[in-house]
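Both complexes below contain subunit A, partnered by subunit B and then by subunit C.
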Partner chain A sequence: MKNRKRIFAALTALALLASMTSCSAEETASSSAAPPQQSEAEETVSQAEEQPVEQEPYTVAIAALGDASTEACAEVAEAASKILEEKYNTTVTLIRYGYLEYDQQMQLALAGGEKLDLISSGFFSCSLDSAAASGQVLALNELLESSSELYAAVTEEDWRCMQRGGQIYGVPNGKEHASGYGFSCVTEMLEQLDYDVSSIEEEADLEGLLRAVKETFPGVDPIVTSGGNMGGVMSYRDTLGNDYGVLEDCRTDSTELVNWFATDTYRSICDLHYRWAQEGLIMADASSNSETASTLIAAGTAFGYFHNNKPGIEDEDESATGKEMTMIPIIDAYSTTSNLSECWMIPYQCEQPERALQVLSEMYLNPELGNLFAYGIESKHWEFADEEQGLIDFPEGVSASTTDYSVAAWAWPNELILYVFGADADPELWKKTDEFNETAFQSVGKGFSFDSSSVLNEIAACNNVVSKYDNPLQAGALDPAEAIPKFLEELEAAGIDAIISEKQSQFDEWLAAQNS
Partner chain B sequence: MRSDKASRLGFHLILLFFSLCSVLPFLLMVSSSLTSEEALIRDGYSFLPRSLDFSSYSYLLLQSQEVLRGYGISVLTTVIGTVSGLAITVLYGYALSWEGLPGRRFFSFFLFFTMLFRGGLVPSYIMWTQMFHIKNTLAALIFPNLLMNAFYVIMAKTYFSANIPESVKDAARIDGAGEFRILLRIVLPMSSPILATLTLMIGLGYWNDWMNGLYYISSDKLYSVQVLLNKMLMNIQFLLSGVAQSSGIELSNLPATGIRMAIAVLGVLPLLVAYPFFQRYFVRGILIGAIKG
Partner chain C sequence: MNKTKKGIGRSGPVKILRYWPAYLMLLPGFVYLLINNYIPMAGIVIAFKNFNYQLGMWKSPWTGFSNFEFLFRTSDAWLITRNTLLYNLTFIVLGTVLAILVSVSLNEIRSSAAKKVYQTSVLIPYLISMVIASFLVNGFLNSRTGFLNKGILEPLGMEAVSWYSEPQYWPFILVIVYLWKNLGYQVLLYYAALISIDREYYEAAVIDGAGRWKQFLHITLPGLKTTIITLTLLAVGRIFYSDFGLFYQIPMDSGVLLDVTNTIDLYVYHGLMESNNIGMSSAAGVYQSMVGFVLVLLANFCVRRLDRDSALF
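Our next item is the complex of A and B:
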């Protein structure tokens, strides 16, 4: 009896052990399976080039950002399949997730090997950086050769921003690829003040306006934050991926990376905000505010907030706040690698990457398909407000809060070929965006991406320090004269110098390669 | 005598402090769900609503199908999950409480092992979606994580072996009852404290769960109340994050603060109603389990 029990126990242990090891074996198998697929892809590419019409039927599973109901996604996918079936014998399926859950869902789907052929980048674990570093997405260099139209549609500089370790991993979304910054404020109040804003060129010039707001409208905060965040740093810095080791002013030719928090620019911004906060020009408890700036403006307790500036921004602000808004530009548009973070990628489990790229190329170049994906079904999710001008809006009885296919044109491959959403929007919006991209200043560091794998510990330690000081300093809650020296001391202890020197050596190498 | 009184006063103050800690936020939630959105942002939160306003509730109950459907899903999964979870727990616990069970040590170990080691999220996800295909089905809200908890089985087992004398069961056997009849007619009626405790704990687990919804459900037809609430909170959290601000993303379809609070109130309401009925057993069930265990 006792013997039997022992055998039993041994067997159980064995079984458990076996199941554990088989699990890990499977994992390694699936991760090592990624590279060979690339060579397979090459073969099929050449086949596809020879006979583009007689392709086998194939279904491309697409995952995109933004909330949408399952039915709406199915309807859109069906309509899109009709267009694609004729041309490529390809059908599609579509699934959309909200912004914060997207990355988690993708992480599970990618790890679980679910069928996925085309995915939008997310913001966290599914960003281009992490997806490329973890080998979850395929390098597209060879594939793109077969898709010359798509390749030509994106500029050489923008392709460079999609490279990680010399390989292109994503197709950048066609949207604004640069960012200016400014102060967005309520037009009605501005008109009542009758203040001449044309003289405002620098952030410090806002002071007169802010004081006037404070005097004329008691109970209104001249500047508010969004969730404790000032909403944008009024400077021409190029962060090159993270706050540690930045180009202080990317308009100069300097390629020396510096500690951003030790720069004069940072100090003067903090000094200014500290003074403003003391005077009551920035809301009380700015760094611990848990509302968004647009909610506060909608409620009538705020005058304005800092954020990015691009064509059409006033309309966007208006739809977020429900009030007419005026943007006072402070920083001119400039373009860095981080302006091209949104892109579309092909996950490693895609069986026929060339077919996925075909669909992506069609989404990028064909307005009919693009509109369908971005806005949904005509007369159900949108209708023409002005067909000649290409303006569309929600149909009667549908609004942003009731639609089951949310609008996020920027999250799709190319919004620049689509209709413009909003009956009152500027019909020239995409043309202006194109110009904006062309005229924006290109940073010296554009295209560089930092491989942080050797300094991950230092970065984590520095992140902790930054989260302690940066927001309160920028929101004017801490006295820079006291806080910044302490801040810098802690950063040094956390190893910021190691990060900067590593980044500098990578950057110099990259610059040399660019010039050769 | 005096020191006795003083220490009692001290304990009461401590307890008062802790109960305030849990009651006050709740009060704030209820009060803000009854305040109009505008007043909420203008005057901030307050413990008593300055003026009553039911617009959040009328919006949720009359205009939004999502919340009502979510309620239905929550109730359905909680009922099915609790009944089947309770059945499994009691059967396993009762079997283990019998000394003569063949392979008793193995089954105890088998149970205990799951308390120490878990497969982790990704392997579980792969198992559930690729072997059992439960993604986007009601089963996804019932089976993973919640159906059986080893700790509850041990609680049940301890209760049975400590409170049901072997002689009672022997008497029933002599009268010709089979094992199932003994369990149903003799043992269960004697075990109402543990049954009530387990029902409440398993039910609570199901009602409050949003993880399964997050991982295994992508169809909005199957969102429970908690999943809905969690999604809204995630959207807001995202909007407030630096990431959204640096990419200039605005969401225009966020539910207002008052509505968020109203959903949270609706989410706890059933528990609030059910708890007093279980409370009496709750204390006894856990206490007996712990002392005599």
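Our next item is the complex of A and C:
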């Protein structure tokens, strides 16, 4: 009896052990599969340069922004592989993540060393700045030499914006590279008010319109925030990467960096918003509002919100809110380094970076491939609304909320070579975008990027002070006369002066190098 | 009795040989613990390095303690430490007292159907995600549509309160939300301990003429003592951590409230969200666990002085 018990226990233990080791055995098999290919990679480099057609087969794993189902991604990847296999003997896999989860998913994939060869930049932790600083992505300078077509397609100035410490880390998305700002509002209400919008030139000029909205439509908030954020600062500042040490007005020649929160511009914006909030022209609880402005407008409880202005913005707003929207421009388009924050990068774990760049170059330059990635499969995810004009739209029975391959042309390498999405959209949109880029005012600081590694502690401390004051001040929830002095005092204690002086010295050095 | 003595008396290898199936059964759990809890501890080095993905954990350059600096840089260091400790102390004390009260009352309920209903309804908030809880709270506190303003204050002729921009109310709101959400789980633990107390003690006490209060004081509390001490010691170990969801989601990340809602975890989030610096965030984690470790040792030391048998180790 006793013996049998013992044997039984031993067997259970063995079974448990066996199941564990089989798990770990699989894992080691998959992780050890990766390294040997590296040596092959080196051999193929020399071959690739001579005869691109006879390259070894290779799979490029792509990660991009926007919601899409796994099946749709697989279908697109298969179609793209067909095009790329013929030309480069390369196949691709594709995965897309929604905007809210993208950064986090990328951090996991990068930390875990998952197979990835091409990634789009995200919004927070997956930005060019932090990816380059922490070594998550590869420098592309040498690789770009072999890809002259791609190199020539992007301007020298734009390449400079992709540099960190003298090395290029990303390929900027072909899209608008400048931004104006303005107030976007519901056209229907605007027409009912019969208000002359053309007289509005500065932000303060909006006051009459906002008061009229408040009187005519009780229960409608004239200005709303998106997730507690006012959506755009109505000024010509160039932040040069972060809020600490900015060019207050980049249209002037001044190259002196100042504390943005101590400027007259900031003070007057906060004063104005505080007055508006007191008057009820800005929504209540503006700085802790967790809804997006477009949701509030769609629900009919809001009149308008501030955000960036560019060609085609009214159509974009309409698709976000479901209402016809009018953009009242306030700040003319100007271009800074931060306007080129969206880019494509090659992560450090990529085994054959030159093959990844080949694919990226093809995505950037080949409209067939570009359209495929950006819009999906023809007649399944999109169809022509007007083939001659190059306008496409969702097929019958599919809409933005039901499609399994969401549209985000701007998130792909080059939207300027693609079809224009939307049956009612402007077929000249990309041409206008090109013009917009060319005519936009270029900041003195464009191309400069701040290496913050020596002041990381100060920045982390300042970030905390800013998260306490900035949103509430801009949303008019705090009295600037009381709050700004306290704000500045705390910033000083957190070491903002050290950041500004470090940034200024880097900026001066950079300016000198540009002029020489 | 005899057998165990024999077992202890024998030397190591013989013991292992004799009980080898038991040791074999122990092995998977041990290996799991080693892989999951001990090997990752080597990652502590990241807190002292300028981490670079291309160089990896071991080859990244050392930076000494500079990653820790941002935690102590400003006057906020005092504020976040104070908030984290005081909130957690309040949670521990109020949570324990209320959980015992509720579980004792639960134990007094005779109808088993009613007992099930109460037990479940106390536990449900624990299963709700903080994000959803934050919208429930928003339903009460929204200054335009919230129940407190529209349903209570205004009908009573009082002035509406802009809850999300008035810091003085938030220590209470946070404590209430925490208790509402976490009480159920603790109640379950105490209730489980309660029903294991032998009924005969109570019967004997009643015969001796002890009232409810005396019964509670001399039977229930001593019966719960080990559970209370264990749970409190565990909570003390986490005293330097804060429930991120509670402090971030419930106040809707309102900057105006930060003086009373800022805790270590929130500070790290705001400071590093954009820079994504692994070294600095690990430094914060190391700091928290070190303080937690020391506090557990201290608390356990105190318990040992008072009552040797109740100490964890």
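One rule holds in what follows: the second predicted complex is superposed on the first by the 469 of 516 C-alpha atoms of A that agree within 3 Å, B and C clash if a C-alpha of one lies under 4 Å from a C-alpha of the other, contacts with A are read in each partner's own complex, and residues count from 1 in each chain.
Here is the rule we use: a residue touches a chain if its C-beta (ideal position, glycine included) is under 8 Å from a C-beta of that chain, and two chains touch if they have at least 3 such contacts.
This one's a predicted model, so the numbers in the text were calculated from it and none came from an experiment.
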First (subunit B), second (subunit C), both or neither touched by A:S134: second
First (subunit B), second (subunit C), both or neither touched by A:S290: both
First, second, both or neither for A:V258, with subunit B first and subunit C second: neither
First (subunit B), second (subunit C), both or neither touched by A:E101: first
First (subunit B), second (subunit C), both or neither touched by A:C185: neither
Which superposed partner A:I62 touches (first subunit B, second subunit C, both, neither): neither
First (subunit B), second (subunit C), both or neither touched by A:A299: first
Shared subunit A contacts, counted only where both subunit B and subunit C touch the same residue: 9, 12, 16, 111, 124, 228, 290
Complex interface listing, subunit C residues touching subunit A: 20-22, 24-25, 27-28, 31-32, 50-55, 66, 69-70, 73-76, 134-135, 138, 142-144, 162, 164-165, 251-256, 258-259, 262, 267, 270-278, 280
Interface residues, subunit A side, partner subunit B - complex: 5, 8-9, 12, 16, 23, 67, 69-70, 95, 97-101, 104-105, 108, 111-114, 123-124, 179, 226-229, 231-232, 290-292, 294-296, 298-301, 307-308, 310, 313, 316-317, 319-320, 338, 341-342, 399-403, 406, 410
Touching residues (chain side subunit A, partner subunit C) in the complex: 6-7, 9-10, 12-14, 16-17, 20, 107, 110-111, 124-127, 130, 133-136, 228, 242, 284-285, 287-290, 348, 452-453, 456-461, 463-465, 467-472, 477-478, 490, 493-495
Subunit A partner contacts - residues on subunit B that touch it in the complex: 38, 41-42, 103, 105-106, 109-110, 113, 119, 121-123, 125-126, 129-130, 214-215, 218-221, 231, 234-235, 237-255, 257
